[in-house]
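Letters A, B, C and D mark the chains as written, and numbering starts fresh at 1 in each.
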């Protein structure tokens, strides 16, 4: 295993300390228990947004804490949901009287830990709270008979849009409803060229031959739909966009937000090339690319690969997307 | 070779097309010959900044075209300096009456191609022009007897600071002198955990064993000072910072800008961990970290690894660093 | 329960988890995300670190505290599930349990808490494949039969191999989850064996 | 010079570069950045594409146009260097060269342009290790001796192996550049051989 680390036991702490120091103008880090919150605190009367989950997906979620997006993020160990004490402490720190919205990716671990935190918070506080579950990953078929779809890169879009709404004064119920609409309007499909390696495991999560890819891979290296032979970017993007559009995805005439997301080990040059392919394919389908985002936003450690997300957007969502944001990983308008 | 591409011959064109489409609010792409310029053009009377060089270092340089930084960038083939016709056409397009400053990384190919372009431009135009050569890479020892040091990630800092000065109305001579001062104040050292793979070559530029690193690697996969055994991040950062500070680097009491730059295949989680190590080491040396930047800014295709840059900065440079910038890869204050 | 017995239980479960952490992670790499061994190790490290404080408590409270320790240190799916198991067992445990029936009842309450927390039942290729039959076997037993307990756990574990997962991370795999043991079922079996070891005085 | 001769020169140099592109890239991977074969291929593809237009021109202008084509298509170090070589040769070539002396003089002018552009001289482990001795050999020759030309080029190439590079990308390697042939010297030798092939009517 080749990683820029000291010992496998300190990866999260040291990385988080570096993150906090590099962005001390935007965030502050609380250590026992671990959570990241806005340096300036949450404005009184604003709905507080909290997300979190396993680490290894950087910049998700701590990189999205700041004006116009999250109020706090609770980083768990690598690929392991954070624990309820983190969420509880974060909620106490950022609740500004308008309630707390938990944004949770749909994994059993995340769901259960956030549920426990919400129960505990409910027992201790009068304040309102609500949860948005994200499950944008279209790779999981038959989702009715399982845990359901996974929450992946679409979560970033939910956090941005709901973050802007909260900043604009939307109340808790409105934020929750909006988050659920953004999630429902989003579909993501991922592909891996190489496995990721969990530091403490010390070896790749799965093996791929030199001529193989994993189509529909999860952001924890969970196996996907099927193992396929290496494909050209155009064919790859076509299969991914087909999978997104298939069920309830965007149709001709729909304006969409197109996110091409790197998995951590893929250079920007390739991501822009995939974006080029995705854009052409969307246009062939009659979709209008209203906004674009290309880069590493929801990663899987050192995995090479990418995901494509399409979110059907209307004017309201676009307005929130364009609203000012000032976080470590997304910044505009300020 | 595993890459998200169609054919090796179209990597640059397709990636550049994607880049242009994803950032059409910031840049426009000219195709014959290839260069990227600001969407709005260059304001009359502003010194025009042009950089360029081989592709494969994204976001360098096209990702730094925009308000407060470059006016144009000329992307060459992968790892191959761009050609004089590109620079010439770019200069003609962005010269706004206050002259053109070429920012060139010190490689024989880049230097010669820019020289030819400058000669041709000089023959055709009355306008002034000047060049800043960047050579911040401290890995090359004995630089007096060779081509000299290489220009690497410090180039980003030169482009940002001189870009802000040009935006503020500095004239050509001032911009050139400032660029040379920033370059002289910067030192960079890189390390590779894995080789990069040039698409057209189809195989890794060099081989590293599972327990080896290349210390002092170049951003084209040029071999470095020596091959070493895998080190912990702290030891690695210590050796890199020692190399930077050794000759003419920052001393106790100096305020510095600290850039931890990913080589393309390294996840953000590891970069922040290296930043944490670098920060501690700088503080032990009595350096004051005035500003920080962590991310992929000057990459080497899919290479795993990183570089550390320290730039000694005074108030003038800090003012320019903090000035608004609106490019695809760096954005603040707007 | 004697503090020494509680400490022995903590020591033995910790030992067993440490010894099998890599195996659990390997199983989780095949159909999950490769952290189950790491998660269990973190949780049982935390319990071991709190052993003195836990051992002072009455049996029920000790279980609750151990469960809460898991919840607050493990994360992932296994943290809330094993945490709920122990916390619910603790709540249901009489102050001085004096029969297999007491223990069976408490264990049953724990397993139900797992099902509630996980919104799951038997046959979904999870730790419940071990926990449910062990609960039944305890309930049905007149006296404690360690051999039967061990066999029941092993059989439950083995049964996960040919199952298709419909809960937990492995469910994303659909058919491809078939042919692998479930990591959580393996850790449950290990823990049952560890408890049996202590009862047998090993 | 006959258009057909120019076309034959273009065809043969193109063929040879295509056939050895991978070898050139391999050499450049060892002590450079692994693109020399790709660069040369791009340049000679461009010349071949312009063959008709180039072949119509008088010898000197044809060389200039071929050189400019390299400059505008290759990039890297080799583009300006080979470009300068051909452009300066073209400028120095009489309208109708009719002696080895004419060619020797033009070639000498080309090599000097390389040295000026590259700020380099012999002994630095570059293409000049081939170009310089070939220039000398041409100058000294009464009549054209193809065999000598080929040997001179090969010897120059071979000499780069034990040299330490002090120019170009390989110079960053210091001592570690020793033991490898220089890719640019190899492409120069290939081009000399290609020209010899045409002269010999191959």
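As a working rule, a residue touches a chain if its C-beta (ideal position, glycine included) is under 8 Å from a C-beta of that chain, and two chains touch if they have at least 3 such contacts.
Every value quoted in this text rests on a predicted model; they were computed, and no experiment measured them.
Trainee: Centre-to-centre on C-alpha atoms, which chain is most distant from chain B?
Mentor: Between chain B and the rest, the longest centre separation is with C.
Trainee: Taking each chain's centre as the mean position of its Cα atoms, how many Å separate chain A from chain B?
Mentor: Distance between chain centres, rounded to whole Å: 29 Å.
Trainee: Take the average of all CA coordinates in chain A, do the same for chain D, and state the distance between these two points in whole angstrom.
Mentor: That gives a centre separation of 54 Å.
Trainee: Could you please state the distance in Å, as a whole number, between where the Cα atoms of chain C are centred and where those of chain D are centred?
Mentor: For chain C versus chain D, the centre distance works out to 74 Å.
Trainee: What is the distance, in whole Å, between the centres of chain B and chain D, each centre taken as the mean of its C-alpha atoms?
Mentor: Centre separation, chain B to chain D: 31 Å.
Trainee: Enumerate the residues of chain A that touch no fewer than two other chains.
Mentor: Residue numbers touching two or more other chains: none in chain A.
Trainee: Which positions in chain D touch two or more other chains at once?
Mentor: Within chain D, no residue touches at least two other chains.
Trainee: Between which chains does touch occur?
Mentor: A-B, A-C, B-D
Trainee: Help me check something: in the complex, which residues belonging to chain B touch chain A?
Mentor: 2-7, 11, 14-19, 21-22, 55-56, 58-59, 63, 193-194, 210, 213, 230, 232-234, 236, 264-277, 279, 292-294, 296, 299, 301-302, 304-306, 331-332, 334
Trainee: Can you list the residues on chain B that touch chain D in the complex?
Mentor: Spelled out, the residues of chain B in touch with chain D are 33, 54, 76-85, 107-109, 112-113, 115-116, 139-142, 145-147, 150, 198, 200-201, 203, 205-206, 218, 220-223.
Trainee: Which stretch or stretches of chain D touch chain B in the complex?
Mentor: Chain D residues touching chain B: 25, 29, 31-35, 38-39, 42, 71-81, 83, 117-118, 165-169, 171-174, 176.
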